[in-house]
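Below you'll find the structure, written out as structure tokens, and then a few comments.
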Amino acid sequence: MNVLVIHGPNLNLLGSRELSVYGPATLEDVDRVLRAEAQSLGIDLEIHQTAREGEIIELLHAGADRVAGALVNPAAYSHTSRAIADAFRAVPYPVVEVHLSNIHAREEWRRTSVTAEAARGIVAGFGPGSYVAALRALVKVGEDT
Amino acid sequence: MNVLVIHGPNLNLLGSRELSVYGPATLEDVDRVLRAEAQSLGIDLEIHQTAREGEIIELLHAGADRVAGALVNPAAYSHTSRAIADAFRAVPYPVVEVHLSNIHAREEWRRTSVTAEAARGIVAGFGPGSYVAALRALVKVGEDT
Amino acid sequence: MNVLVIHGPNLNLLGSRELSVYGPATLEDVDRVLRAEAQSLGIDLEIHQTAREGEIIELLHAGADRVAGALVNPAAYSHTSRAIADAFRAVPYPVVEVHLSNIHAREEWRRTSVTAEAARGIVAGFGPGSYVAALRALVKVGEDT
Amino acid sequence: MNVLVIHGPNLNLLGSRELSVYGPATLEDVDRVLRAEAQSLGIDLEIHQTAREGEIIELLHAGADRVAGALVNPAAYSHTSRAIADAFRAVPYPVVEVHLSNIHAREEWRRTSVTAEAARGIVAGFGPGSYVAALRALVKVGEDT
Amino acid sequence: MNVLVIHGPNLNLLGSRELSVYGPATLEDVDRVLRAEAQSLGIDLEIHQTAREGEIIELLHAGADRVAGALVNPAAYSHTSRAIADAFRAVPYPVVEVHLSNIHAREEWRRTSVTAEAARGIVAGFGPGSYVAALRALVKVGEDT
Amino acid sequence: MNVLVIHGPNLNLLGSRELSVYGPATLEDVDRVLRAEAQSLGIDLEIHQTAREGEIIELLHAGADRVAGALVNPAAYSHTSRAIADAFRAVPYPVVEVHLSNIHAREEWRRTSVTAEAARGIVAGFGPGSYVAALRALVKVGEDT
Amino acid sequence: MNVLVIHGPNLNLLGSRELSVYGPATLEDVDRVLRAEAQSLGIDLEIHQTAREGEIIELLHAGADRVAGALVNPAAYSHTSRAIADAFRAVPYPVVEVHLSNIHAREEWRRTSVTAEAARGIVAGFGPGSYVAALRALVKVGEDT
Amino acid sequence: MNVLVIHGPNLNLLGSRELSVYGPATLEDVDRVLRAEAQSLGIDLEIHQTAREGEIIELLHAGADRVAGALVNPAAYSHTSRAIADAFRAVPYPVVEVHLSNIHAREEWRRTSVTAEAARGIVAGFGPGSYVAALRALVKVGEDT
Amino acid sequence: MNVLVIHGPNLNLLGSRELSVYGPATLEDVDRVLRAEAQSLGIDLEIHQTAREGEIIELLHAGADRVAGALVNPAAYSHTSRAIADAFRAVPYPVVEVHLSNIHAREEWRRTSVTAEAARGIVAGFGPGSYVAALRALVKVGEDT
Amino acid sequence: MNVLVIHGPNLNLLGSRELSVYGPATLEDVDRVLRAEAQSLGIDLEIHQTAREGEIIELLHAGADRVAGALVNPAAYSHTSRAIADAFRAVPYPVVEVHLSNIHAREEWRRTSVTAEAARGIVAGFGPGSYVAALRALVKVGEDT
Amino acid sequence: MNVLVIHGPNLNLLGSRELSVYGPATLEDVDRVLRAEAQSLGIDLEIHQTAREGEIIELLHAGADRVAGALVNPAAYSHTSRAIADAFRAVPYPVVEVHLSNIHAREEWRRTSVTAEAARGIVAGFGPGSYVAALRALVKVGEDT
Amino acid sequence: MNVLVIHGPNLNLLGSRELSVYGPATLEDVDRVLRAEAQSLGIDLEIHQTAREGEIIELLHAGADRVAGALVNPAAYSHTSRAIADAFRAVPYPVVEVHLSNIHAREEWRRTSVTAEAARGIVAGFGPGSYVAALRALVKVGEDT
């Protein structure tokens, strides 16, 4: 089982940026925790990070034939990108939206996610644990279908 | 480790209500899946279901001295109850908000959760799997703290 | 044929409260008029009054197996209670929303009913006559189905 | 006792239009059911159908001297016509607003009725039964006054 | 193949009114261009102009049995008439909404068309060319169905 | 000098309708006062009353060749009719909007006039005196041009 | 009969400011025209110009014992000053709000007057003619009372 | 003179909850200060705390025959409960709304109180001093009536 | 202990203005009641009334070195004056906002106070009693600090 | 005559994505139909598809010297991209906005196009026929200029 | 070259007020830095500080004949004063709006400046450096014109 | 001292695009003026222009180790890009937002900058002079820190 993981804009700066919000873990730390979980579940991960909205869409399209699901943290694009949301709708596999922080507990504009409208589900607020829980949830969805 | 679980209004009718949205699982099915996960993690669950906003608040208060965290599905109260949100703020343990369906993909009014503002995090959209993933996330939060 | 009747918060003070809006009839007067109509139609009524949102939900659930329909005047909860609306959606019988006054002709906030979204229909503005007309309409709906 | 009945725009196509919303009854069916009820109550009905906002106003004015009340289904004009609402306010008899479908359960814009602000009351959601219940309610209002 | 064409309020003054917005062509010029196109496509046109909302609805109803489609320029009614929109929904043939100017590039209120919600499609911004393109599009829709 | 006067919907009921708002003067009284003023100014008046939005537009168009200006009280259409506003824009003479009551001191929706956007000016709040002052103002505008 | 006239902020620059909106007349020109009309009506005018909101309120209060009415052009304060509106409400004589330009035909924020809520009536759009018509209307109101 | 005191949801946790907002005083401390003030004024207090919206309404009703006024801190219900507001309207004695913190200086949603609409007055921002000042104000209101 | 008291615009007309809202007491009556209370508490009052927003700000600044607190009734400026609110923030002593009427029970625009955002607390709805209760609350705040 | 054609994000998945909305035609089908029409009109097409907002802007700029017009389907970017709209404004040739579906008949957010503000015109709702009609309209605009 | 500098309400308290927002510099410090810059540019400054909205307008008017431009920090009036904005529009010289703090990074209401609508440009966020940069920009504008 | 300069979408067309808004200067002209100023201040500039949102973010990240500050003109992205704003927040150096035109004096949507929320300050309205003044301000900020 292959799972696509996409980290959106500014997540590459994790660990050096707004530590009080995002915590000290770097993106490498997040990936390490996630890979460990994936290995224990027998899942192969394909992980990308990009600041480009269009590239997120292309990555989603490219995965259509080879992945069973995707974990996507669209970061700031969650709140504006109708195009990424349409890509979630267009691909044949379930997409889980992931956020490190609880977006509902921050600025007003972060409380609305237009991409989440088109996701299968959402996990937010648990730091790196959000990715782990999202992977579990994605597997569970696969089992139930 | 004790974890409090509160199912909000109308969840007792699960499995007989709006099947296309909530699926065929009954609340007993949800609890069974959740208890199995808890057992494997060495967690004791204290599970309640109530239609009463005030009782949800009282249950949260009552847990203050004996639980390490709570999973709460406030159901429709998520969208209106500032009082439950204040209770999330008032208790000394982390509260994870859980939803069976992806609230962001439904009616406009279901897309805003006023209780999630005060939760540690949120898991939504995975049916009974939401509770399981939320329990995992809660444990992870406990380990990180 | 059994019909459930639920009077919401503050309706117990009818006849002693804001007479210019609600008129001089007491809740007992309303019930008397309604029972007379029910008797002439061969209907058994089960009448409740409560100020508690959660109790309205529980009464609706409890009626699931024994009533053919319900007349509910959610009073102020009409304008705020997504939980009662979800209960209307969850029960297997038709619910008719009833208001003594014409809610569209009063304060701005009374003009929107979130519970009416989930009702079969609505009758408002005729004082005790609202309940009588609603009972007639409920019977008619039953005949047409 | 004379009662004026006005069916607004597009109601003449009833039975051939959006059957899932409005049901199979034609406007003739509605009128037949209503006339039967009126006859049993000793009421003379004067029934009109028009697509013209101005004509609805003129019909309301014309009835001032000879009718004891009116049942008006302004259809789409309910949501836009301040002029019809002013006519409701200007005539000396009570006007009951009637809708076949439950306007609160449809598109957002159908949930607000500007004409209902000026009506005596409203009955909605019971198909042809809405007119019957409205007639009953109108009679009741007449008796109470 | 018959096609109904309805020009809405104030379009009769075309060529003498706000030339900087609508250009110098008169309504006769528009009709001449449109008739030429129709003739080349073997289509019979039935053209009306009216300032009356109700008459637009009646014309749409009247066409139900004899036209294959309609081109309607509701002019200012596009932005307010829920009743015309309901007529678009009620007739059995496709309606194309046409505007001479690009309504999206003018005053805020002209940017929302409530009638377009119920149309098959919309063509706007090409002066008399809007009607010609709309006729082509209508024919294309007919071929595809 | 000819001046067109158009009284909109429900103004024919003046003197019998909502006296506390509109006062005891009938429409005939208004016209008498206005004709006296016109006579003293050497102006010929052409006065119409209609409940029909489309007819107001047609009357405005018809006046294009023979009137030097118009006084229009669109009544409730002031707040909704973009089509009448477009007619104000389309005719070659100045239109003064007149209201008996001070629309800014009444219900929220009466405080915005969409037709006033397209008028030369507005006079409101002086009962029949509004028409007289508007006529004076119209004459003054003519002199200044 | 004494009438108070208050010109609000920036009106002292009339004739040198935004000529395309306000025209070439200076404030002295406006006063001259107005004084001539007043003289012909046997009215004594007391004219003030000030940029200070508080001073407008004080002038209104000071007039309480000696004027029969006031013409006030609050200029930009019309759109923001609840305090001037409260002064209109507090004084025992009628206040007519005057504007040189048609405020309904300009920027969005100029279309709402919070002071007009508390005025007797409003005259706008006729340049200096607005003051003249307003004086006439004020006299007419005095005669009718 | 009897005065009813109702503390709303989460106030029982005072002193252990969000100290930076609410201060270190417990609810017992508040009651002690308030009882001292009451004693000095010769007033008997009846004090309740509840998390249940419906129970607040029932307590208000129950006081109808025996109290001269009430001090109510609806806490979070202030911002959502139209039902408690209707109870304020329904009881025959004056209700003073009390808040420990200045609700106008906190989150946007705390700045609007729907219950205050129906209260006699409001005191907020003085910690336990709010109750004391409110009791004084209630006594003063009683003296003035 | 010195306390500054500032009465805002139009309060000088108290007792002669809108008696049904503000009652028969004059500003002198209010001051007399307040001075009596102050004397019993050993407080020296410095009382001002002004219609000028800028003067309210200057009075607040001027008090910085000699007062222990202020009672300010900004009247209509409460709803618009960000500048007075900034002055509340800028001075080193606590400011209590006072209103004679319950601003939450009046027009929509009176329900939001932008100055209250920056006050220590608010007392509203008790007529002259509001000032007395506010003085008590201010003293209490002083004691607690 | 050269015409630029730009298909925006997710359009490459046409024919495999949300068939009930977009129909079974693939993007190749759309291009084939469009090329046939272009050939019959003697037009050379330059066709691009991209998911990247910035690339759409660059393509528009690049065309400045060699194309007579452009057909652009910005897809989801229509509803969010002020930058593409500015590009429409910046290039010297007319841009026609094209949509396969009727954007006015779908989700609320799809009903507003910020790019259409800056386009010459819009054609929407005719599937591949939208492109054909848009090409016709573009040619017509060229002839008229 | 003369330049007018106007500091608005509460700026006189700079250095003693909300230091975390505005920094430790006093208004004298700001003026000293600004005068140094002006001297190096050969500019004469005329500096005022006032809390009075009307006085800001009068100062702007008074400068009309003798200044080449103005730097205005309207402070809180930026967000409310349409009258000052009209004064910006009315004077013949360019006005640059200056803010010490970045108004876009503070409370929601501070993010909209109604006076900036009428300014030549805006400089905000650089503390005393905002005035210096604004003076430079003003000189540059003068050179380019 | 190195300073990063980023010109956003469509700025490459400066001098050929909407001259009445942006003036005749080309981007090369702007850069020349800015380089001259930088040279006089001993600053090295690194200048980029791109239409790609993602590239702006990448350029900002890339500068983290080598620049002392940045001048960014996000052009249309100012009004929509939460992702660029997050990049402003994420980098360790101050970012100054620059606009050629006064964004507050243009279309409604251009008046709100979501990127300015996260900038150190903003300079707008002075054409190429905006960049020069912004550079000065950035240097000043550096000196003060």
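In this document, chain identifiers A, B, C, D, E, F, G, H, I, J, K and L correspond to the written order of the chains, with residue numbering beginning at 1 in each.
The definition used in the following text is that a residue touches a chain if its C-beta (ideal position, glycine included) is under 8 Å from a C-beta of that chain, and two chains touch if they have at least 3 such contacts.
Note that the structure is predicted; figures quoted are calculated from it, not measured.
Colleague: Which listed pair, K-L, A-L or E-J, shares over half of the residue-numbered contact pairs seen at I-K?
Modeller: Looking at which residue pairs coincide with I-K, the repeat is A-L.
Colleague: Any idea how many Å lie between the Cα centroids of subunit C and subunit D?
Modeller: Each chain reduced to its C-alpha mean, subunit C and subunit D end up 22 Å apart.
Colleague: Can you compute the centre-to-centre distance for subunit B and subunit L, using the mean CA position of each chain? Integer Å is fine.
Modeller: Roughly 46 Å, centre to centre.
Colleague: If you average the CA atoms of subunit B and of subunit E, how far apart do the two points sit, in angstrom?
Modeller: Each chain's C-alpha centroid was found; their separation is 53 Å.
Colleague: Which residues of subunit E are in contact with two or more other chains?
Modeller: 52-55, 80
Colleague: Hey, which chains are touching each other here?
Modeller: A-B, A-J, A-L, B-C, B-H, C-D, C-H, D-E, D-F, E-F, E-J, F-G, G-I, G-K, H-I, I-K, J-L, K-L
Colleague: What does subunit I use to touch subunit H in their complex?
Modeller: Of all residues in subunit I, those touching subunit H are 96, 102, 104-105, 111-113, 116-127, 129-130, 132-134, 136-137, 140-141, 144.
Colleague: Can you name the residues of subunit C that touch subunit B in the complex?
Modeller: Subunit C residues touching subunit B: 52-55, 57-58, 61, 80-83, 85-87, 89-90, 114.
Colleague: Which bits of subunit K are touching subunit I when the two form their complex?
Modeller: Residue list for subunit K touching subunit I: 8-10, 12-13, 16-18, 50-55, 75-77, 79-80, 109.
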